[in-house]
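Down below is the structure, laid out as structure tokens.
Chain nomenclature is as follows: A, B, C and D, assigned in order of appearance, with residue numbering initiated at 1 for each chain independently.
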Amino acid sequence: MKPIISADVDLLKRRDLKNGYFSLTFGPFARAKQCRPGQFVHIGFKQSSVFYRRAFSIANTNADDKSLEIILKVVGRGSKQMADLRIGDSVNFLGPLGKPFTLPNKKQTPILVAGGVGYPPLFYWANHLIARGWDPKRIVFLYGGQSSPDIVDRARIKRMGVKFIPVTDDGSFGERGRVTSPLVRALAENTYESPMIYSCGPEAMLKAVDQIGTEFETPGELAMEAPMPCGFGICLGCIVPLRAGGTARVCQEGPTFSIGTVKL
Amino acid sequence: MSKANNKPDMLAQKHMITKSKKPKSKTPKTKPDLSVEIAGYRFKNPIWTASGTCGYGEELDTIFDLNRLGGIVTKSITRQPRPGHPTPRCAEESSGMLNAIGLANVGVEKYVAEKLRFLDEYDIGVVVNVAGFGFDEYVEVCAMLADCPRADMIELNISCPNVSTGGIEFGASASDVERIVKAVKKVFPRPIIPKLSPNVTNIAGIAKGAEAGGADAISLINTLIGMSVDIYTRRPGLTNNRGGLSGPAIKPIALSMVNRVYDVVDVPVIGIGGASSAEDVIQFMLCGASAVQLGTALFIQPDLPITVERDLKKYLTSQGLTSITEIIGKIEKY
Amino acid sequence: MSKANNKPDMLAQKHMITKSKKPKSKTPKTKPDLSVEIAGYRFKNPIWTASGTCGYGEELDTIFDLNRLGGIVTKSITRQPRPGHPTPRCAEESSGMLNAIGLANVGVEKYVAEKLRFLDEYDIGVVVNVAGFGFDEYVEVCAMLADCPRADMIELNISCPNVSTGGIEFGASASDVERIVKAVKKVFPRPIIPKLSPNVTNIAGIAKGAEAGGADAISLINTLIGMSVDIYTRRPGLTNNRGGLSGPAIKPIALSMVNRVYDVVDVPVIGIGGASSAEDVIQFMLCGASAVQLGTALFIQPDLPITVERDLKKYLTSQGLTSITEIIGKIEKY
Amino acid sequence: MKPIISADVDLLKRRDLKNGYFSLTFGPFARAKQCRPGQFVHIGFKQSSVFYRRAFSIANTNADDKSLEIILKVVGRGSKQMADLRIGDSVNFLGPLGKPFTLPNKKQTPILVAGGVGYPPLFYWANHLIARGWDPKRIVFLYGGQSSPDIVDRARIKRMGVKFIPVTDDGSFGERGRVTSPLVRALAENTYESPMIYSCGPEAMLKAVDQIGTEFETPGELAMEAPMPCGFGICLGCIVPLRAGGTARVCQEGPTFSIGTVKL
């Protein structure tokens, strides 16, 4: 059994999360059970105006019906095409791809730092940790966006029972400011025992999180993005430079990288 | 990788690409025969993967069994390891893409020590693509591969348009191509396949130069020079400013050039450029290709070689043919 | 069409493409200005339609008002009328098409008597594309157009790859291009725009040849030579076997060549090749084009010029620019 | 007002006529009222794996709701994509295009000769003639196909009340043989007063009809097909050679040509 498959899946469920965000659930995907948070699927279209596949973080899976959820924001042609899919439409999944987040040890406090459309893998990660026996109350979920509507899917986050700290640039929901502010505060004030950061979001945010983690000597992992022609390591198109020298492929050595690894 | 191993026959035996000695059997077969002979070697099918679009094979093997391929052409290697150009080094286009990876590779030494070894386990033709930044580098790298039995053949990337100091210059002049092929033939005992650039006025002339130099086969095309620009940042899509266009967009150009070259040389031609289906592979073969490399299409459908193999068989059966070789060059021009 | 009419200024007045005399006004305008100046003429916008993809204008005018165009480049005309190649003479490709129409046209005499007259009513720049099967034919046809005031400029199709007896030969040699441009400049008193073939090794060299010959502007690219084949009939997709590839597929190649030429010549460059949106037009202009011809895209979206015009204005406004000329050549290369 | 427009229309109705045939009704199309039988629309897709538009004969129009029906058979990528459309999907219509059939004079008997997927314009034509006051019983509707399922839409044809003469190669429905047999018979036996032929179908059939018409000195019009890059006369890609010399564009001088005009 090859670990990665290319398989057609149908759109089973479509939720409009408003403000250009959509949750799409596809299935059945034979590798749903093998998927791990931090990994992604590379999605190909039948009829398309885009040439590459598009990568989307896995936002959830259901081992029973082998379904897989992604959450996206419409920003260009590919995401538009995704959002325009209708129930029953079929796309091609290539996956699961990439290196998942690594589990914290039981002493550590997972601090999830999501920015905008970086939310999906962290939702999956929180769910996964809880399923693995983590106390939801011990999972810190920082979630930043420009404005209130950018903090999507709140009901589900609350239902998980994690320590949910929303932050918006304009203060229209949660704390006003940058999502990195409560992070810095928590680390500076030693609010949580052995913090371990998991972050996904815009590059500028990841860069800040990387600096913060490095400064406070807090371990963590960043889930990165890059334009991905192939998504599984053969094109060398998605590289990032490493601090230690050389380069790494985001799709293969990533998308999750330890804090301090990538030259951001 | 001792010198003793370095015999086509032994190599062939090991990798099941048998050196063909006897003429093709004329008895009708039940199963359509996809095998093709190129430069004295028999490949189990004409489906190869193109240099730079299949890495060194490891990743592709996580998706389908590499043994299903006729051949693999590995990513261009150079004398020294190279990080390549900074990102962005790929850009999406209509039915294709631009790339200026910049010959990122592990260098020939690590390649021989690690990457080539991985392929030892597979019964496929291994074609090592070699690039250089000057005449001497090509010769040096090819010489270093002479003693590697797993390097069944060398594909000479004299056509990479991405590095301003090398590549294109050789590919654009028939006499340069002849000279470089002659030189590497002296240091590498197995077949040499120069890979031609499409960015030339007269592809037939270049091909004749390659043949005169002793090429055992000729592969084409490499990418077409292209460019893109972001209208908001005003920045080119690639840090190298220009890159190479590949994908279905270039297939008609590739078919035309393959056919031109097929018409003027006697050595086998290997078709490359936008092939994305069995139909495309058949088109290339009708135009004269003895094998076809799948490139960019692997990014879109990584298990494409499996589909193509199945569909090639279907096609042969539907056409009442027993061997894929029966279609090579059989286009019926007006 | 008397000789007396044959003055750029009068022409310009009549057709509202004013010969620009004073420097561009520096006062900020409310409406973004799409006009561009090429070879001493001002076109109301940089949107032209490409030769062979807009006929002589009549049919396009049944869909949108031709007056919305900056310029129209009519179908190549030759000395004698030509039926062109038999069908199939077009073939569909990925993001593009092949054509070998074979220079079907009504011949210069009928063109002048009927087709050009139709355009009299329109306030657009009329560029007459001229093709020939030999040096003398080009000169003869251009001379016949000298007295037609409605022929604002001539675009010289030295690059049509479809007719084996002509076209490509001129286009592939810098000295040939220089010679032919010089010759037609002598017989035609208004601007001459040689249209370059992309099927060459060194487009910059050819462009310099054209400039040396006295070209008033340079347009590029014509189609790339390509081929297709039906896998069941084994017949080429075109009766001419080979044809020219056009459409979005070739845009990256066109952008690269436009930029190369822009970098080495002083005359204005006119971009052609796969442009299908305002974004594409802007890309061409950032790469150095002073105007952009819409070609194959008209087959897919005939009223494209109207959309492009609207979107160009939007772009200028969004970028805080007042004139489209501010973006010409403003790509910021790495 | 320009006669030809390019306009987005929605799929309003989709009928599976079996055997790969589909009836698709789109609208609203502002030029529905201006459409005439023999004309066609050139259809462009939003997301597509085909590059050209695809031409489809107008099979019916409704001036009230400005809808337009086409009937197609799935034979390749474009027609497949059409058949896969779902209610609410949008495509782009360019049209109406081409030269319509010309009205017979009141003395003439219109003999409509349809072959396979050549049926749609003739259905429209019969409808149109009836709407213009022609007695349905005086309209002869020959319709040939390989086998029974190729004679689609029978109920509607019968409802029109025309003289319906189906013909199949295998005799599984109607007369056995070629659709040209009853045509030859009718002309040879002078069955109908001043016959005027209108035909659409595969090229081989049109060639036969053209010969028959010429032989019996019966006037008529053939609706032809050709691959059409542009559909409105600017590419010169769709030409046919004319008997009188020279060529004609199928999209512009056609698709309807008088019998005896085209070198078939």
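Rule of thumb we're sticking to: contacts are C-beta pairs under 8 Å (C-beta built on N, C-alpha and C of every residue); 3 or more make two chains touch, one makes a residue touch a chain.
Since we're looking at a predicted model, the values are computed, not measured.
Colleague: Would you pick out the chains that touch chain A and also touch chain D?
Modeller: Correct list: empty, since no chain touches both.
Colleague: Comparing centres built from CA atoms, which chain ends up most distant from chain C?
Modeller: A
Colleague: Just how far, in Å, is the C-alpha centre of chain C from the one of chain B?
Modeller: Chain centres of chain B and chain C, defined by C-alpha means, are spaced 37 Å apart.
Colleague: If you average the CA atoms of chain B and of chain D, how many Å lie between those two points?
Modeller: 48
Colleague: Any chance you could list the residues of chain A touching two or more other chains?
Modeller: none
Colleague: Specify, in ascending order, the residues of chain B that touch 2 or more different other chains.
Modeller: Correct list: 93-96, 247.
Colleague: In graph terms, nodes being chains and edges touches, is this line, ring, star, complete or other?
Modeller: Ring.
Colleague: Which two-chain combinations touch?
Modeller: A-B, A-D, B-C, C-D
Colleague: Residue numbers of chain C touching chain D in their complex, please.
Modeller: 52-55, 58-60, 62-65, 75, 83-84, 86-90, 92-97, 99, 101, 104, 247, 296, 298-303
Colleague: Spell out the part of chain A that touches chain B in their complex, as residue ranges.
Modeller: Within the complex, chain A touches chain B at residues 2-6, 44, 50-53, 92, 94, 226-227, 229-241, 246-247, 252.
Colleague: Can you name the residues of chain B that touch chain C in the complex?
Modeller: Contact set of chain B toward chain C: 93-96, 98, 172, 199-201, 224-229, 231-236, 239-242, 245, 247-253, 255-256, 259, 274, 279, 282-283, 286-287, 315, 319, 330-334.
Colleague: Touching chain D in the complex: which residues of chain A?
Modeller: Those in contact with chain D are residues 45-49, 81, 86.
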